[in-house]
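Note that the chains take the letters A, B, C and D in the order they are written out, and that residue 1 is the start of every chain.
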Amino acid sequence: MELTGPIVLSDNRYGKAENRVVRIYRDEARHEIRDLNVSTVLRGDFADAYISGDQSKVLPTDTQKNTAYAYAKEPGVQTIEEYALALAGHFVSDVEPVDSARIEVEEYAWQRVSVGGSEHDHTWTRTGPEVRTATVTVRGKGSDQRAWVIGGVRDLVILKSTGSEFADFRTDEFTTLAPTHDRMLATALVAQWRFTTTMGVDWDEVYTGIRARLVESFATLHSKALQQTLFAMGAAALEAYPVLAEVRLAAPNKHHFDYDLGRFGIDNHGEVFHAADRPYGLIHATVSREDAPDAGPAWRA
Amino acid sequence: MELTGPIVLSDNRYGKAENRVVRIYRDEARHEIRDLNVSTVLRGDFADAYISGDQSKVLPTDTQKNTAYAYAKEPGVQTIEEYALALAGHFVSDVEPVDSARIEVEEYAWQRVSVGGSEHDHTWTRTGPEVRTATVTVRGKGSDQRAWVIGGVRDLVILKSTGSEFADFRTDEFTTLAPTHDRMLATALVAQWRFTTTMGVDWDEVYTGIRARLVESFATLHSKALQQTLFAMGAAALEAYPVLAEVRLAAPNKHHFDYDLGRFGIDNHGEVFHAADRPYGLIHATVSREDAPDAGPAWRA
Amino acid sequence: MELTGPIVLSDNRYGKAENRVVRIYRDEARHEIRDLNVSTVLRGDFADAYISGDQSKVLPTDTQKNTAYAYAKEPGVQTIEEYALALAGHFVSDVEPVDSARIEVEEYAWQRVSVGGSEHDHTWTRTGPEVRTATVTVRGKGSDQRAWVIGGVRDLVILKSTGSEFADFRTDEFTTLAPTHDRMLATALVAQWRFTTTMGVDWDEVYTGIRARLVESFATLHSKALQQTLFAMGAAALEAYPVLAEVRLAAPNKHHFDYDLGRFGIDNHGEVFHAADRPYGLIHATVSREDAPDAGPAWRA
Amino acid sequence: MELTGPIVLSDNRYGKAENRVVRIYRDEARHEIRDLNVSTVLRGDFADAYISGDQSKVLPTDTQKNTAYAYAKEPGVQTIEEYALALAGHFVSDVEPVDSARIEVEEYAWQRVSVGGSEHDHTWTRTGPEVRTATVTVRGKGSDQRAWVIGGVRDLVILKSTGSEFADFRTDEFTTLAPTHDRMLATALVAQWRFTTTMGVDWDEVYTGIRARLVESFATLHSKALQQTLFAMGAAALEAYPVLAEVRLAAPNKHHFDYDLGRFGIDNHGEVFHAADRPYGLIHATVSREDAPDAGPAWRA
């Protein structure tokens, strides 16, 4: 099928990615740190920049960068959700051609070091690998303005050394996997949760609480498959926080294969594993409240 | 707003990611190589695996892996588009609970080495960084089955040392960027093109042709912004290949900053640059034929 | 100068790199985990493999891999130092052509998750980015056999938001840096410490203790330069542990630049920084006891 | 053994790592590009900076950065070897406390794009993954000054689909590998060659020539092991270029495992492979002329 219609710009967006903003609060002897990776994305009346090269409506990505750093100072970064709401709101409210703004933030965690048994005032070590995330979309001017907040965590690497099986699965002519009733289960979880509101939420408390629910569900559910574990994790978060509309989970199955020591006359007994790199199973689940409001542009990349 | 409705599984998919399949054709003295990274994703009647842990409909990701390798042997990998069509078709047609399958393939390029001025029969060096990609979706059983093919390239790193400007842009109180009428322009392009059909296409010829159009447009258009360059690149591909419905482009602006040598009494004259890492501008454009057929699930991650 | 002498093999070594060994102890309900990346390197009578292709003395790297996994079962991995000593000793003592073996181990840390306020028996989350390391070299047969142990940590990312300056440095015609008496100081430390013995050391206690000394020194020394801080860190470790002969430290200066908000009429006051990627200062220091025994092959890559 | 001697600074060095210098020659319509990653390392009279924090002899790493960019303008970057010689010479000759300087350079390759069948004047695409390297050390003042140049290539990924075997190797109780007389052989080569002189060398010609010898040897030698192949590669380079004193090669054995399709009733016939990530064999060889001059500090990290 050959097409002959006119060629058009059917979608576009632009922004500044990966601004590495670090904010220190130092009003008191005990400093606080917020270590962020901030990306801005704008949509709006920008077609001329693409079609004719006319930049008159384009706010440079360099300006977006400056703004991300300036907003880290004032209003500051109490939480990444609030910071992103402020920054997105600014772009939509104050820059005429902008119809919607999306701010993606990653926050790297730091732990205060201990000196002589006490927490130090201004020294930290990085912890991870897990990273807290927030994705905020603001759309519309004036009283039509609406906002969506998605919180999340990525690279939450979690492992259980028993309490997991995989059996009674469908087979075909290409199936060689043996069923198992005791295996290691490990993943590097990415989870994102959509809020029903942007106001009145204790963002830090909810983050800590959801993370705890995810981890507890992973640990305590006797798992018949990573699929089942993911659904349980998402459901636990939704049950605990009625302010959540849905939870999206993506989980690589970080395979740990029993190393065949029997060839050397050694019984492995599920104690020595090879941690494989690629390929890996990759499982996705979206768990929702049935009465969740429409997501609007919240998930639009 | 607090939700009280039932908690449901609203979406799910699963598969085996990053199978590193290498296929050698060695029927003749002159061998051929196809070096692939293959990911499979299945959708269908899999809710029970999530909700109750019942795996009876789940084709293990390990089986999907085996199948990806087996299909590399037969029917083989003439092109990644054909290979992915065959593999996706198998999962949907032959595995009852599967409603749709998505196969994502990356192909790494190798160049035959020269020995004594002649191409060697069975030795190659890797070339890159650019990677050819294909994403194939097959949905539906029997006569309802439909398929979508998206070709592409990623990490096509391209740079021009003049013929690019950025000026006459919008400013606000956070704007400090100076306009420039001669700058370096560089990106690591990701481009994907959706075909209107899955049959009768010379996949290799189209890939080579589109790549040439993209590169030529980048080189020859005097650029007023990366946005303008991207639109021109997409339009050039569509114009050359009526079998394409749309082209999606994502381009980081790999900033090269003039190094300030004036502080040392040296005129730079646009010859010495610092190649910056982060942050970077990130520009997206979708260029389409107005009469393009609906994309269906082609772009659904 | 043109050379005409015979061409010879002047050095060689070989091994299996990055065996991802995971050892679970599950004799009791409360499991233990050791998550390792193990590399083996052998030296010895292997010249024929290079010169004539004669493999008769070559123990395959595949065999080395099998051995690394088998030794993780028995004698097991109480500490990575003991495991590496056993594995290296085996290669030298039991494989005739091997003159010396070097085992490099990285250990990834896991933290037991909390469920209902209690530590879970068999579920953990990964912590990091810091990684504990050990490098063990064993050389010689029978009563001539000797061994060297180097412990270490890498990617210990540490930051202080004040208590650091850099001023009164040498300048030349290319110097533009302004002196500062209050800056952020951050690094991703690599430290390695050489032990004077392989026996009678409480490896875990020493690791924990050295890490604490390194971190405390970084926090408490008012720093006139990263160089000074590194020397103090190494000296603190040596002072606390007379069983150490030397400490080698490598520290990228992870620059955090004050973002210039004055352009927008905002006083930064040392609160908003850009965390830069490249380039970075890179400082090395070796701190030793003057009566340290010779290092022998301990540091030989 | 417990040490009681004084704690001393036994070694130190410092510099600026990974300056991303891009140099464009634009005197004519046809531009030229040099894309570099430059690291500087200084040794000298810097102990006070470590021990007492006295920075008076320390040339800041920021100044080293400025100098790397300034030298890219003048004398410029005809070849990375000459650029590094000039930059290292400056630090040693012009900065009093510096005893020796080591400059490490990586050069990324770009290929001129084709437009309408002709090479474009100022647009290129990146090629790789291979990277040309140079490591230059200059030591001493005035007439005592000496210099060493090491050229090299890294990430030269090369593969042959036949003409490689591995058999008749030593076995022990942990050996399970089957001998093979036809396997795939692949590596990502790192090679470095030390020159006997710093003058009168056509650096570009030698680089191209050595690369050709390395590749041809890999292709044409029927390989009994990667060890044998490496020695032959190094010897070929030395034979072709008497100006070389030695060649050091490091080669991961990028394992490609025959995928077991027999389980599905399919004969593989050496055509379908799994390209594995970790672990990998890692082979090192140093090939030298017996009359090579002493390496001095050339290889000192």
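Throughout what follows, contacts are C-beta pairs under 8 Å (C-beta built on N, C-alpha and C of every residue); 3 or more make two chains touch, one makes a residue touch a chain.
Everything quoted here is computed from the prediction, not taken from an experiment.
The minimum number of touch steps separating chain B from chain C is 1. Greatest centre-to-centre distance from chain B is found for C, with centres as Cα means. Pairs A-D and B-D differ in how many C-beta pairs touch across them, and the larger number is found at B-D.
Simply put, chain A must spin 180° to overlay its Cα atoms on chain B, rounded in steps of 5.
Spacing of chain A relative to chain B, judged by their CA centroids, is 23 angstrom.
With each centre defined as the average position of its C-alpha atoms, the distance from chain B to chain D rounds to 31 Å. Distance between chain A and chain D, defined via averaged C-alpha coordinates, is recorded as 38 Å. Chain contacts: chain C has residues 19-20, 66, 70, 174, 176, 263-264, 277-278 touching two or more partner chains. On the side of chain A, the complex with chain C involves touching residues 19-26, 31, 33, 35, 66, 69-70, 72-74, 110, 113-116, 120, 122-130, 156-163, 184, 212, 215-216, 218-220, 256, 259, 261, 263-264, 266, 268-277. Across the complex, chain B meets chain C through its residues 173-174, 176, 263-264, 277-278. Residues 1-20, 39, 41, 46, 49-63, 65-67, 70, 94-95, 97, 166-172, 174-177, 196-197, 223-225, 227-228, 230-231, 234-235, 238-239, 242-246, 252-253, 278-293 of chain C touch chain D in their complex.
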